[in-house]
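Labels run A, B, C and D following the written order; every chain starts at residue 1.
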Amino acid sequence: MGIDLKVKIGSLELNSPLILASGTCSLETFAFLKPEETGAVVLKTVTLKPRQGNPPPRLAETPAGLLNTIGLQNPGVEKFLEHEIDLYPSSYKLVGSVGGETIDEYVEVAKKLEASNRFAAIELNVSCPNVNKGGIEFGRDEMLLLELVKEVRGAVSLPLWVKLTPNTSNIEKIALETSRAGADALVVTNTFVGMAVDIETQSSRISTLSGGVSGPAIKPLALYLVYRVAKNRNVAVIGGGGIFNFRDALEFLIVGAQAFFVGTAMLVNPLAAKEIISGLKEWLAGHGFHSIKEIVGTFREPS
Amino acid sequence: MRSKNKKFCLSKSRVILNQELAQRRFLLRFEAPEIAKKALPGQFIQVKVGGFDPLLPRPFAVSWTENDYIEILVEVRGKGSSLLAKAQEGESFNLLGPLGKGFSLPKGNTKNLVLVAGGIGLAPLRFLAWEASKNGYFITLLYGDKNQSCFLPLKKLLPEKVLVRSIVEEKNGQTGMVTDLLKDVIEEFKDSCFFVCGPKAMLKEVYGQLARKKIVRAQFSFEERMSCGYGACLGCVVLTKKGYKRVCLEGPVFEGEEIIWESI
Amino acid sequence: MGIDLKVKIGSLELNSPLILASGTCSLETFAFLKPEETGAVVLKTVTLKPRQGNPPPRLAETPAGLLNTIGLQNPGVEKFLEHEIDLYPSSYKLVGSVGGETIDEYVEVAKKLEASNRFAAIELNVSCPNVNKGGIEFGRDEMLLLELVKEVRGAVSLPLWVKLTPNTSNIEKIALETSRAGADALVVTNTFVGMAVDIETQSSRISTLSGGVSGPAIKPLALYLVYRVAKNRNVAVIGGGGIFNFRDALEFLIVGAQAFFVGTAMLVNPLAAKEIISGLKEWLAGHGFHSIKEIVGTFREPS
Amino acid sequence: MRSKNKKFCLSKSRVILNQELAQRRFLLRFEAPEIAKKALPGQFIQVKVGGFDPLLPRPFAVSWTENDYIEILVEVRGKGSSLLAKAQEGESFNLLGPLGKGFSLPKGNTKNLVLVAGGIGLAPLRFLAWEASKNGYFITLLYGDKNQSCFLPLKKLLPEKVLVRSIVEEKNGQTGMVTDLLKDVIEEFKDSCFFVCGPKAMLKEVYGQLARKKIVRAQFSFEERMSCGYGACLGCVVLTKKGYKRVCLEGPVFEGEEIIWESI
């Protein structure tokens, strides 16, 4: 249909605005994607040391949402690079997601990922609500976050994406400062902290007290945060949270995200990414657009 | 494992038959040629019911296949299974499958199989029974269920040759669980291969009994909360000697020896 | 079924733990309630001067949620007391909800409500996301909030409830200080700020940029906030956000709320309150409980 | 207004008939005795479809009543109306109603009524036509619709005595809107009483035409996004000379003179 899907995130050109979110895709996912329609695939967050993750149950369904407490299960960066990374098809732009408990850990992991030459960008996961240390603390403690971004920025030359936590009251400020500290793109947003109780046992429905809520339920909240962050036109924004169809994706593009990510939708329907792209193309063509870029930031403020 | 040729697929499939088998238990037959062609006993499918309510697809064991058709047995528990139980013949659902790693029939000269089913846990074992009996195995089924009204019609569901011993928990007079049945007969079957499906507590008890008798040839089919069903979310894990494994990808069937039973 | 529904919120005894949330009931609602099963009815927030409210559209549906931007439409406290308050049946405990743009306005409205002798408590709405001034600013600016609570506390002697905003990252701290400043109960939580875009017109689906999200979608988020606030056992917590049935209500009681409120559910089904109460009674009786109080705070922390 | 004796009620009501009238337009008949007994032309009901998806009930004008039955006309727009259009006969839905303030038939000696309907806006006017014709009024209906395939079967829906003038927007040759029809005939009906329902732009245009001719006896039925439908949320307002009024409680029918038309 002749729609130019290409977008630029900082200096990085992507085949499409569609990005597969960290923690919601694995090797099996690629069977349902097309490289020429996929912007990037952010792999599951890796940490310096292996992490076993949290015990089951790790999942609970909430109204139009998914509550998870995976706990960053991963084999550690070394095993990951040794045994796993080569299994991923090279026809896709891969993004390495980094987690950690200290700034040094983040830096070390980021350097190792860069050295593998398999990644198009590094994403800092400073916002995972499901681990005791690290994760969300960085996302909420501004000074720590800025130091983290600066340190990683100094240590690697790949494009640097920072995934923000929604569980804060001043996301604009954090976003602005993070971009000044050297982030090439801000990813908004990670899951919202939530909780679910089994009334029969009076205990958490997941193995931890709280977890992260994703899916359609959070869409209006995430969209508002993306809008606020994207108002600062100096940094690229990758927006998402609850995107399930092309209309949802358009909402995020309209409020100013240059690209969008899809997570939970892929868990519910592995063809979601393909369907979103074909829906986008058809809608844009039907509305006289020629490229994705034309719809980005077209939001009309209420008077 | 660079699986470009898909092992599983997503298909919009019509309900061909929806039959109430027993109280709150239904048999659904779908027209799903691609899944039917590939499915092996112990594998499962994900059925998407509803739009956002419920949000996640629901896993069900493949319970039988023939030509273009597959069957599942559905026990009504919550929203998803209720909606499925009400499915009209002709209605379509998105099915993803076949998923997971199924049972392995023993190679060599072990020809005796014991299937141990707790309630709706019969579902995957039924498929196994059909396949195994085609391949000349001798099959004994131990089946226990809550009460008479939810008791599954075994004659209808299973190949003729299967020897059945069953028990009902809440019957007046002689009562007990499938694990009691097992206790009674375990000595006879020391050289058999065991296939077990049911609630976690029952799996654990069965494993305990087998282990005490040093019976190691036993495969257990696990249930765990799922979202994707195809390995993407790391949500459905069970603790094994090699760390957490995904029930949907490395399972749902595990060898008894792999599992850290204290975690169950 | 012999379940004692009575609960105490500070010194105030209520017939039941069920409270009708502000802004989601009107005179018509009472036809669907029973006084002996209703803890209290919080009336629509009133302000000193009349407020016309925001233009339509004021509502948009989101996945399992409702996005609203009513904008505190109300006739002003004087007209309200003159023409409206007498229409409300006296068999219910009424709570007056106060909004304002300055501390003086809050104080003045609270005093007038108290003087009417029609109210069992005063609720401070410091958390409405849909007005330009006041509202959420108080909820987020800690110092301002504490001053506000202290001033109102000094001016009225009715029990004082403070309704907190969820749109903050340190709700425990705010809760603790608010209770120290004199609040008898904390109401957690108001709506979450959200947004929805009409892709065809590239504009907001409501008349303002953003609005407040309520309903089942926010339940896991609200429950987590209630849990956190209720951990401080020194103040009563009235919990809610997305309660649609008795099971939802139990979740809030289990994590420590002494009472719960129901808002959007009443808009979807005016019999929701009655159904919740009868469901609660039946469940409690079936589980061997004799009173509501026994289930409050029974949550078992994960080990 | 201390309404302890309920003006409206909630009832679980069965679909007795679901018929496709025209493209994407359905007639549903419910068994709802309490609502049927009380409903007046111009009032509406809230129909709850789905659990949390969609979350909110959907408002539909009462389009006809008889004995225990009420009918609504449903145009398929989004999720809620699609689900309703697929309702099986025998299926039940929660209905809340009758809601709102309906039309008032003119007292005194005005016996000529003009109903102006844009598309599915015919729904409440149909009920009015039946009531008014029973009461000896003379009724002219001006009805415009998008195209031939969604054109409603007026003969079937309306009492015989109603005089109909209709127009189709997208027909080859002679085309136009219901407002063009009105322009042609307005002079004839200067002393009539007007009842108008349709999209907002059409209401506004009709009001403009009537105002220019100094016709003041005109009632307009408004649509606005709703949640509760019974006055509790202040969500469904329209700007009137006395400030914002709730479409669901003070409306949906307003006198043309009450409305601040610049806000529409």
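Just so it is clear, a residue touches a chain if its C-beta (ideal position, glycine included) is under 8 Å from a C-beta of that chain, and two chains touch if they have at least 3 such contacts.
These numbers come from a predicted model, not from an experiment.
Participant: Can you list every chain in contact with both chain A and chain D?
Facilitator: Neighbours common to chain A and chain D are B, C.
Participant: Any idea whether B-C or C-D has more C-beta pairs in contact?
Facilitator: More contacting C-beta pairs are found at C-D.
Participant: Hey, how far is the Cα centre of chain B from the one of chain C, in Å?
Facilitator: 47
Participant: As a quick test, compute the distance in whole Å between the mean CA positions of chain A and chain B.
Facilitator: Roughly 35 Å separates the two chain centres.
Participant: What whole-Å value do you get for the distance between chain B and chain D if each is reduced to the mean of its CA atoms?
Facilitator: 54
Participant: Note the residues in chain D that touch 2 or more other chains, in rising order.
Facilitator: Residue numbers touching two or more other chains: 52-53.
Participant: Multi-chain contacts in chain C: which residues touch at least two other chains?
Facilitator: 63-65, 215-216
Participant: So that we know how the chains sit together, what is the shape of their touch graph: line, ring, star, complete or other?
Facilitator: Shape = complete; every chain linked to every other.
Participant: Please give the residue numbers of chain C that touch chain D in the complex, ascending.
Facilitator: 23-32, 44, 52-53, 55-61, 63-66, 68, 70, 73, 87, 89, 215-216, 244, 264, 266-271
Participant: Which bits of chain D are touching chain B when the two form their complex?
Facilitator: Residues 50-53, 79.
Participant: For a test of understanding, state which residues of chain C touch chain A in their complex under the given definition.
Facilitator: For chain C paired with chain A, touching residues are 62-65, 67, 140, 167-169, 192-197, 199, 201-204, 207-210, 213, 215-221, 223-224, 227, 242, 247, 250-251, 254-255, 283, 298-302.
Participant: List the residues on chain D that touch chain A in their complex, please.
Facilitator: Result: residues 52-53 of chain D touch chain A.
Participant: Which residues of chain C touch chain B once you look at their complex with the stated criterion?
Facilitator: Its residues touching chain B are 63-64.
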